[in-house]
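The following block contains the structure, expressed as structure tokens.
As written, the chain order gives the labels A, B, C and D, with residue 1 at the start of each chain.
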Amino acid sequence: MIIVSDPIVVASPSDARAAFPLLAHDPGLHYLDNAATSQLCAAALDALVRHETTCRANVLRGTHRLAEAADAAYREARAAVARFLGGVSADEIVFTSGATASLNLLAHSLGATLAEGDEVLVSVAEHHSNLVPWFMLRERRGIVLRVLPVTAGGRIDLARLPQAMGPRLRLIALTHCSNVTGAVTALAPLVAAAKAAGALVALDGAQAVQHGPVDVRALGVDFYAFSGHKCFGPNGVGVLWGRREVLERMPPFLGGGGMVDRVELTGASWAAPPRRFEAGTPPIAQAVGLGAALDWMTELPWAAIRAREARLTRRLIDGLEPLPGVRILGPRDDAARAPIVSFDVEGVHPHDLVQVLDERDVAVRGGHHCARPLMAALGVEACTRASLALYNDEADVDALIEALAHALRLLR
Amino acid sequence: MIIVSDPIVVASPSDARAAFPLLAHDPGLHYLDNAATSQLCAAALDALVRHETTCRANVLRGTHRLAEAADAAYREARAAVARFLGGVSADEIVFTSGATASLNLLAHSLGATLAEGDEVLVSVAEHHSNLVPWFMLRERRGIVLRVLPVTAGGRIDLARLPQAMGPRLRLIALTHCSNVTGAVTALAPLVAAAKAAGALVALDGAQAVQHGPVDVRALGVDFYAFSGHKCFGPNGVGVLWGRREVLERMPPFLGGGGMVDRVELTGASWAAPPRRFEAGTPPIAQAVGLGAALDWMTELPWAAIRAREARLTRRLIDGLEPLPGVRILGPRDDAARAPIVSFDVEGVHPHDLVQVLDERDVAVRGGHHCARPLMAALGVEACTRASLALYNDEADVDALIEALAHALRLLR
Amino acid sequence: MSDSIYQEAIKTLAQAAHGAGTLEAATGEARLDNPLCGDRVRVQLRIEGGRIAALAHEVRGCLLCRAAAAALGLRAPGSSAEELEAAAAALARLLETGEPPAGLWRELAAFAPVHAHPGRHACVRLPFDAAIEALSRAAAGSG
Amino acid sequence: MSDSIYQEAIKTLAQAAHGAGTLEAATGEARLDNPLCGDRVRVQLRIEGGRIAALAHEVRGCLLCRAAAAALGLRAPGSSAEELEAAAAALARLLETGEPPAGLWRELAAFAPVHAHPGRHACVRLPFDAAIEALSRAAAGSG
């Protein structure tokens, strides 16, 4: 038997931890690996469990009462995502299995409208999930892939934008926020340049969404991709938002049930977006959980949370910098950054560091963070990353600094 | 707060209903829409919730304790699927987001090894998810798609196999069990013919798995695809099993984190299977839930369950046949069939029927069941389908027949 | 069964099948499909002096769809384009709210319980959507 | 901290770095990567009279990897190919079970706590895997 509580309301940021079952059950844990996966909020877990135990059915074609309830829940989940993204149309929300699937959908579906020699612009700061799909498109269709470098400070180098934009630029696909350095991409000049060139802009929002709602129309972009598990929602679900006019002229990517209009043995015709892009049974319960997570997030006091995250980031950077041999990778200032801080420790391998920190209940991540080109640009093979979310506090940051000082003594 | 019970053990088939939270909470419901989605067993829900609340982390690269626990759980889920499929190697299990995703993966990845003019053989009885991906491959690569017809009795017509196999046959991709007629495909002659022709065999097992473990090696096939939500597991997860030797020579499909070996700006090299085919964060909690569902299933007395499902199917067919204007689509005999029965009712539209049955707490599905070519072959536009699972009993079947008799009076 | 959507009124309407058939000398015609369920409606109409002089429909669909088409076949002849559009809008509001709005064609009130079943709204609306499409084709002279 | 994997013994071993460097006139050599964490090991060895006359390694990796390489650098010289393979097998068993099997090189016992961390097993094994690869290259004369 499963008893599910009412969703917990977070009246102030200090309540946040109680709204996360895993953290509530493990009060000693300093979870600072949020860029890899954030914890699941009770609102999302409750919604998922309630869905599976009271209205589980397949969607779209059923007319019995469970199917109607599942349909309504799935529709409402789409509406919740649309609200979170600044009030776009629910028909512009495509559910996928995650940010990686969203970006692959884009590379295949929009990619099918590109010709040999058309250009796509990415950056050195991308996660592999926003690089490899474009590598593959280059193989498949002979597009030209251009790459913006990063500055010494680890930010995407917008000064190089003019040279990086070729005459056949069709798409700029960039991370909204680096999963390694926390740098938030300066969008205004990019969007202006793209508009002037008649190119589309796609953002990989995987790292941005856990730090508050995003108004995609205000950003002026055309596509936005993210994963549920990085914004307090369930695993196994993600989103691709796209402007309706653009989605409408994209062919489908995956084939199967639900995305077709007509199927004869000679071929098939396609349903309208978003269903055109949702072949097969979608991750219904996960979408419902994600909708609940985003609705929960939308109600939070983001100005206060962001100020707090910034304060903690400052405290973290100030704690790291004096440690011997520790070098922060990427921006050290407070401007336009998410609470993600990666660092290199001379003579100490990140995996050793992570393990020793773990022995002190501090969870961080070491490795290349699926961003090898950025690692190479920053001059490291791997690094250690601490990433904060709304449930982290001073104690988490201080525990990390203290454990790190201990680790440095132990490991060097 | 969430309290999770111990997994419920099903000592006899009549206990089964208690092992399904939704059914336990809604004792009056006659759920006969299992071919669309089966209900979620408590073992799977408990495992999913336990995972999300005690060891949620990203997999594969983390070394802190939550990440290690998540890694172990994900690995164990792969092992559970491998056991369910007859004890194959866990490295042959690729987790996807569902059967549709599995079949698209196959069509893209194996498809990339096919040349123009190479032949793929499907049947008229396929679900759109095993048709449209091949249509799309035909568009992309100029393969030749051949289609086995069905007999008047609604079974794939194996007598036509010799003509349907062209000289460049590379793959036979068929449903293991029709989602409309319940007909189970006779595999022995197919596999023998494929072997003789040097072609591979892929089975769409979406409808087979909820009726017991499948020994894929004994079947002699090369690929097997299915969805978690149709075998009492979570939504948003599926499986593609492939023989190691074949998987190893297939290129990846989706690009992203986790499936690469090396990434430089000039390109990337690929990890070994199964990770080569699992780009991005996989549906971890869902895979863990699926593993629990399959482990739970593996322990059940399948001989008894199958005998019971067959008895109920007979009772259903015997109840339907005398009803005026009711015509059963597909096999009416007991041989080689799953407990799925579709029927046409002269002068009554399936959607009206479904709605009236719903008013009597009987949940069935009406429509084309994502199998339009089969509908056309059976001479209907749409039909009504009742599909049984291990928790159904005589009362469910009798409620359907009684409600149907009522509906016929009401609607004609 | 009190809130069954299969009220006697709907059944009677569907059986009456007002307007079923084809029309000679139609000035506008439209065919619409609902790919979700395979319902298909063809509506033909003839406009004379700014009014719908005649309307005919062929429906392959469910009882709800047939009943809606019959209401159309009963009421549309003699109406103006504006009146038909107003009727379609009133029907849409009925489905959305479950409350019969002012100006709803009397026969359509029987569809109120369909409000609770969003998956069936398209079945009821399909004949009206097709009629409006046929109207606009007639206006464009491309019927 | 009693079951920390960072025992003094491992640290000492890594710092001693027995065998670190390169080898002149190697008869076998192998380079192995762990793509998951970017660890990289190069092992060179010289076979003389059926025994490992000398072994050198270059490691870019974590403390565990460096410590394992140092154990190899300390113990491999003078061993036969079979002895090295047996040592690698014993190490694999230690990691799998957490119990030091008979015949385990004494220095390797310090790795017992790594048993509890499957994600780190590859770090410890990488130098041994590279050495065995180098052995087989030497045997094939393709070092």
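We adopt the following convention: contacts are C-beta pairs under 8 Å (C-beta built on N, C-alpha and C of every residue); 3 or more make two chains touch, one makes a residue touch a chain.
Treat the numbers as computed from the prediction; the structure is a model and nothing was measured.
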Could you tell me which chains make contact with subunit A and subunit C both?
-> B
Taking each chain's centre as the mean of its C-alpha atoms, give the chain farthest from subunit A.
-> C
Higher number of C-beta pairs in contact (B-D or A-D) found for A-D
Geometric centre distance via CA averages, subunit D-subunit B, whole Å | 46
Please compute the C-alpha centroid of subunit C, do the same for subunit D, then give the distance between them in whole Å.
-> 80
Take the average of all CA coordinates in subunit A, do the same for subunit D, and state the distance between these two points in whole angstrom.
-> 39
Between subunit A and subunit B, the Cα-mean centres are separated in Å by 30
Where subunit A touches two or more other chains simultaneously, the residues are 61-63, 67, 260, 262, 351, 355, 366-367
Among the residues of subunit D, which are close enough to touch at least two other chains?
-> 36-37, 117, 120
Which of line, ring, star, complete and other names the graph you get from chains that touch?
-> other
Who touches whom among the chains?
-> A-B, A-C, A-D, B-C, B-D
Write out the stretch or stretches of subunit D touching subunit A in their complex.
-> 1, 4-6, 11, 36-38, 60-65, 117, 120, 123
For the subunit A and subunit C complex, residues of the former touching the latter = 60-63, 67-68, 71-72, 260-262, 271
Subunit B touches which residues of subunit A in the complex?
-> 1-5, 21-22, 25-26, 29, 31, 33, 36-37, 39-40, 45-46, 49, 52-54, 56-58, 61-67, 97-101, 103-104, 107, 124, 127-129, 131-133, 135-136, 147, 227, 229, 234-237, 252, 254-260, 262-265, 267-268, 279-286, 351, 354-355, 357-358, 362-367, 369-370, 372-373, 376
Over in the complex, which subunit A residues touch subunit D? Could you list them?
-> 348-352, 355-356, 359, 366-368, 381-382, 410-411
In their shared complex, at which residues does subunit D touch subunit B?
-> 35-37, 117-120
